[in-house]
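Each of the next two complexes has chain A plus one other chain: chain B in the first, chain C in the second.
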Partner chain A sequence: MIDLKELILSKDNLIPLLRKLKKDARLIAPIKNEYGDTLFSEIDDIDAMKIDLHNQPQASLKPFFLPQQETLAGYTVNNGEYSFTPPDKAQDTIFFGVRSCDLTALLYMDLIFSKPSKDATYYDRRNHSLIITLGCNQPFANCFCEATGSGPYLEYGYGLQFIDLGDRYFVSAGRGKGADLLKKWAYFFREVNEEDQKKRYQLFLEARGQFTRNIQVAHACQKLQEEAVPEEIWETLSRRCYDCGGCAYVCPTCTCYSIDDMAQGTNHGIRVRSWDACTSSGFTRMAGGHNPTDRSRYALKRRFLHKLKHDYAHHGKPSCTGCGRCVDICFGGVDITTFIDLLTTQKTT
Partner chain B sequence: MTNSIAELEGADVLLVTGSNTTETHPQIGRNIITAVDHGAKLIVIDPRKTDIAKEAHIHLALRPGTDIALINAMMRIILDENLADDLFISMRTENFIALRDYLHRLDLDELATITGINRTTIHEAACLYARSSKSVICYCLGVTQHTCGTDNVQAVANLAMLTGNVEKKHSGVDPLRGQNNVQGACDMAALPAVLSGYQNLADIDVRNRFLAVWGREVPKAPGLSLTEMTHAGINGTIKAMFIMGENPVLSDPHLNRVENTLKHLPFLAVSDIFLTETAKLAHVVFPAASFAEKSGTVTNSERRVQLCHQAIPPIRNCKPDSEIIMQLGRRLNCPGMDFDTEAEIMEEISLLTPIYGGMHYDRLAKNWGLQWPCWNRDHPGTKFLHKYYFARGKGCFTITEHQEPYENPEKKYPFTLVTGRGSYHHYHTATMTRKSRRLLREYPEALLEINKEDSDKLNLRDGETVELASRRGTVHIKTKITDRVQPGTVFSSFHFFEVPINLLTLDAMDPKSKCPELKICSVNLRKVKHD
Partner chain C sequence: MNNNFIPSPAKICEIIHENEQISTFRLKLINTSIPFSFLPGQFLMLSVPHCGEAAISISSSPTALPIIDLSIRKAGTLTNAMHMMKAGNQVGIRGPYGNPFPMKNFVNRDLLFVAGGIGLAPLKSVIDYCLFHSNSVHDAAQSITLLYGSRSPSDIAFQSVTSNWQEQGVNCRLTVDEADTDWQGNVGLVTDLLPRHNVTDNTTALVCGPPVMIRFIIAQLSAMGCQDEAIFTTLERHMKCGVGTCGHCHLDGKMVCMDGPVFSLSQLKTMDVMELAQ
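Let's turn to the complex of A and B:
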């Protein structure tokens, strides 16, 4: 009996395996589209679509679990009688080629959507999902997951974790569904030998040294627990923030949303949940016009403190996963790394 | 722009005039802020303390409408300080002596009084601009929307030529275009007296070239300007109008006249992506496809022609504007209205427009677009203009004299109303941006910026509704007390149809550009009494 926790998959067997997996579930993987953008997309025809494991998908998994806009419920009135329509049911879905940061983000969202009670549509989708991650041997330009403790390889949380050993993948199974899959498709795999193990650890060691950016996340988190952020830092950031909300929308752990009830005619309506962002002044503005976060000075305060101060205090780790997407999207150049740099290069008094 | 946008970051001195850059051109605003962070000096000319003015090393908060006096004063100081670029002037320009003699006759104290800025500050700004060889001027509608708009621009050009701050990298004169493709619309001759690429309509050779391709005579008389069309009244010469993607019922000045004109047109057709206030007056409305539903090019401020790809098929029966025009053309028996692809249309543009000569689709796709002039397929495009020569040969200094705004504050209308865009959450008459719930939430209603000194005098609270009246009309609007505006000046946007601010504005216009004086009119403010 071979150990089903860790196995080797030859790269030649990747597509045959995915083809089998696709029979039982929707398969989603990073796909390069005709414009050259890599996005997580559903695979219809596995031979026609280009699975791209060399570029970071532009969006995280967030839209698959917390869609940009989703209908939570609908109602119809007929002769004074209300009837309600529940939200769409989730499908079994396998995500392949997910990076460590994005899975870490999903684990954080699990936490957020579990309190005070489990969020129905989120958990429906989550329970129907299986995540196959791909450890990062070569971090992308703006990544800093090592500093946030969310990569480049993972130790838990995944269904399966793939590590690229060149001509083969080192596959580890997590609890539950991942192990079941390995059992079901065992004939694609072979056992792990000592050389595979060595290579895996060697690659892990090397990957940690490949980061081009040195972001002092832990230092920043500790500093935020101990002292207030100098006012000048907020001012420096806010003059360059255009509150476009881009950072919050691409962020895999930004979960702010708004719920709107929208009439769809005289007897029908829907309740819609859509992404929102704490950087928008309308998000915090009260009915009387008063706004606790003055945009001109504190546009980004809530967002950064939430990620690095409050979540660190509550969960022991920041809710930034170092994926670097906000660095790419922010055209004002005031992403979270700018904040951390400003904070940690300040002399402590 | 004579420059490329990216060049702004490398400038040593940036003079921003009549532009609320960070809000109206956030991408360019970012470049300016980056330049400042890298050590560049920023001079902002604006009556309001905008966000970009707060970044400025020198903010020249002039009295609205006194740009020429200010720039003349700066030029006189540059002469006095011997900072003019004599070599550039003698090699590249003409008529300098006339300007010099005129400037020498001016009294600096008098000019300073006109602008309301003290002489030392003007002196400082003038020297700062002139002493650097990488000085850039960015200007926007705060310069052009005046009865002396053309002269304002000429004054800006004089200043740049006087100091030799054109023709090289990191120096130039940059009008910032307000829409993603307003440059393209001008390039394609949506102007009364030119054909595409600014070719003179009066030139018989140019007209013949178009005749050969189009198979139709091109009318040789210039057409009318926008304001002439929309303000002609009941007996205007225009009998039928086709308006595409524009909402003059809110955006043009002196709205009562616009509405009166459009309502009495024997035929009005409007093509837009939403049913705008203007479209509501039309006999025929064409539902147009949005940017995401079609392919084509747009030309931005830095003259860059960029390809845009269709993202989704047109919704229901919407059609791209090009399709609407071609179908109309075919039914009117206009030859040549049978382009199969956008690339084919571009080929005709390249054929007829020398500055677009080398802009074929395959090249645009490869290079993130090309900047005109791009004369042929081998030409790499042009990063900055006027190297070696100006379009007309030598740059001509033209004397510009200060003239008072059409309306000045007086007893009955003691305030000056300045209009512009209020926030980057809304664009123009908000026909698109108001459709986004999030954008509308960020900036939900029209506001009148008023200085605390004035609000105290009138006993107004923040957020109180006031009656704002000019000689032409009246609106009710909520106040926002702020130090962004000077005492005596109030500011509002024209985003909201509930507060059609252009009921108040003037249709007095610049005699050359026909651009109306949207920036200045005199108004009165009254507390609205509640019973």
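Let's turn to the complex of A and C:
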């Protein structure tokens, strides 16, 4: 009896395996589009689409679980009767080529959307999903997942975790669906030998040594528990925040949303949930115009404190996964790494 | 599957015109088999066709169920649309959400309510609840005093309610910022009324109104010797979900919709709150 928790998949067998998986579920993987952007996309024809495992997907998995816009309910007003209909059901989906940071973010979203009761549409999608991750042997330019404890390899949370050993993948199975899948398609795999184990460990150590950015995340989290942030830091950051919301939209753990009605006729419409950003000026403004947040000074305070102070206090770890996407997107240069640098290099008075 | 965001239809049975800006909408759930209960201080997410949702405090007492009152001031798109509704029309509600006032702590206490404008709505639920239990040995408050400020005599809401309370033994003191020619009562801010009242070890204060009013009243109460644990307020924040996930009411690590909206002063002092800002 072979151990089904860790197996080796020859790279020649990858496409045949994915072809099998695609028969039972929707398959999503990073695909480079005609504009050169690598994005998670649904694979229609596995032979025609080239899966891109060399570049970081520009968007995280977030849109597949908390879509940029989704219908929470339909509504009608008929002869004075106001009624609501539930949203569409999710379909079985397998995600392939997911990076460690993005799965860590999904595990965080699981937590957020589980209280006080499970968010219906989020958990419907989550329960119909299987995540196959790919450990990072080479961090991308802005990555700092080692500092946030969310990579480059993962210990848990995945359905399957792939590690690229050159001509083959070292595959680890999580509990449940991942292990079932290995059992079902066992004939694509072979057993792990000592050389595979050694190579995996060696690559892991090398990957950890290749981070170019040294972001003091743990130090920042600790410091925020103990002392207030100097006012001048908030003001410096706010001056360079242009209210675009880009950081929140690309962030795999930014889950703030808005709910609005979209009329589709005089008698019916849909209730839509869409992404929102706490950095935007209208986020806290109440009907009548009163706003408890002074954006000119504190535009980024809520976002950074939530991720590094409050979530650290509540969950024991920050809700930044070190994916570095906000570094790329922020044209004011006031992403979370700027804040951490300002905070941790500032002298304690 | 639990459809967290699907509201239950409710019928507007009656509309009580409080003043030019505020009306009380008396609702009843269409499907009476849906179990529904709440405690004073909790709120609902109210749906008005094509307008989305807004968080609204329940202004009636749970003892008045199945009737649910929402007292609403015209402030934005949804509330203005609500004011266009007629008796017999339907709205949607989901909830109740948030922490209520700790009603059990109010037994045998001297309750001092301080309200400004529409801020009386959530406190009205508490007062009605206390009056319902006023003859009960185990549940009654010792005394009830209300200090209620409005901009002008025509802005006073809940007129018939306050005179009814007065008849039931509530010490109601009304004041207006600006009088008109007919006004016989007190003129000035509600903060001017407070020093005329005794605050003792047995006083519990419940405060709701504009942030600036909350700030000054709380400071006054503290100066008069009221304990932090005996001062309560309920905060108003922009809210979209009511269940702690949309992020809009996030307040220094807490969610107003889940951890509030009712807070004691001792809780507020641990947070970075506009209502306490200097």
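Here is the rule we go by: the second predicted complex is superposed on the first by the 340 of 349 C-alpha atoms of A that agree within 3 Å, B and C clash if a C-alpha of one lies under 4 Å from a C-alpha of the other, contacts with A are read in each partner's own complex, and residues count from 1 in each chain.
In this section, a contact is a pair of C-beta atoms (placed from the backbone, for glycine too) under 8 Å apart; a residue touches a chain by one contact, two chains touch by 3 or more.
Just so you know, these numbers come straight off a predicted model, no measurement behind them.
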**OP:** In the superposition on chain A, see if there is space for chain B and chain C together, and answer fit or clash.
**Re:** fit
**OP:** Determine, under the contact definition given at the top, whether A:R325 touches first (chain B), second (chain C), both, or neither.
**Re:** neither
Original post:
Where does A:R239 make contact in the superposed view: on chain B (first), on chain C (second), on both, or on neither?
Top reply: first
Original post:
Given the touch rule stated above, what does A:C278 touch, chain B (first), chain C (second), both, or neither?
Top reply: second
Original post:
Put chain A at the vertex: what angle do the Cα centres of chain B and chain C make there, to the nearest 10 degrees?
Top reply: 80
**OP:** Please name the chain, chain B or chain C, that touches the greater number of residues in chain A.
**Re:** C
Original post:
Touch check for A:H314: first (chain B), second (chain C), both, or neither?
Top reply: second
**OP:** Considering only touches as defined above, state whether A:R125 meets chain B (first), chain C (second), both or neither.
**Re:** neither
Original post:
Is A:K115 contacted by the first partner chain B, the second partner chain C, both or neither?
Top reply: second
**OP:** Please indicate which partner A:R168 is in contact with in the superposed arrangement: first for chain B, second for chain C, both, or neither.
**Re:** neither
Original post:
After lining up the shared chain so the two structures overlap, which partner does A:D260 touch, if you call chain B first and chain C second: first, second, both or neither?
Top reply: both
Original post:
Rounded to a whole Å, what is the shortest Cα gap between chain B and chain C in the overlaid structures?
Top reply: 12
Subject >> Overlapping contact positions on chain A, where the chain C interface meets the chain B interface >> reply: 260, 276
Original post:
So in the complex, which bits of chain A are touching chain B?
Top reply: 35, 239-240, 242-243, 245, 260, 276, 280-282, 289, 331-333
Original post:
Once bound in the complex, which stretches of chain C touch chain A?
Top reply: 1-7, 9, 47, 49-54, 75-79, 88-92, 211, 236-238, 240-241, 243-248, 250, 252-253, 258, 274
**OP:** Please name which positions on chain A make contact with chain C in the complex.
**Re:** 72-73, 75, 77, 80-84, 86, 112-113, 115-120, 124, 255-261, 263, 269, 271, 273, 276, 278, 283-288, 290, 292, 302, 305-306, 309-310, 313-314
Original post:
Which chain B residues qualify as touching chain A in the complex?
Top reply: 22, 26-27, 30, 33-34, 51, 54-55, 309, 424, 437-438, 441-442, 444, 463
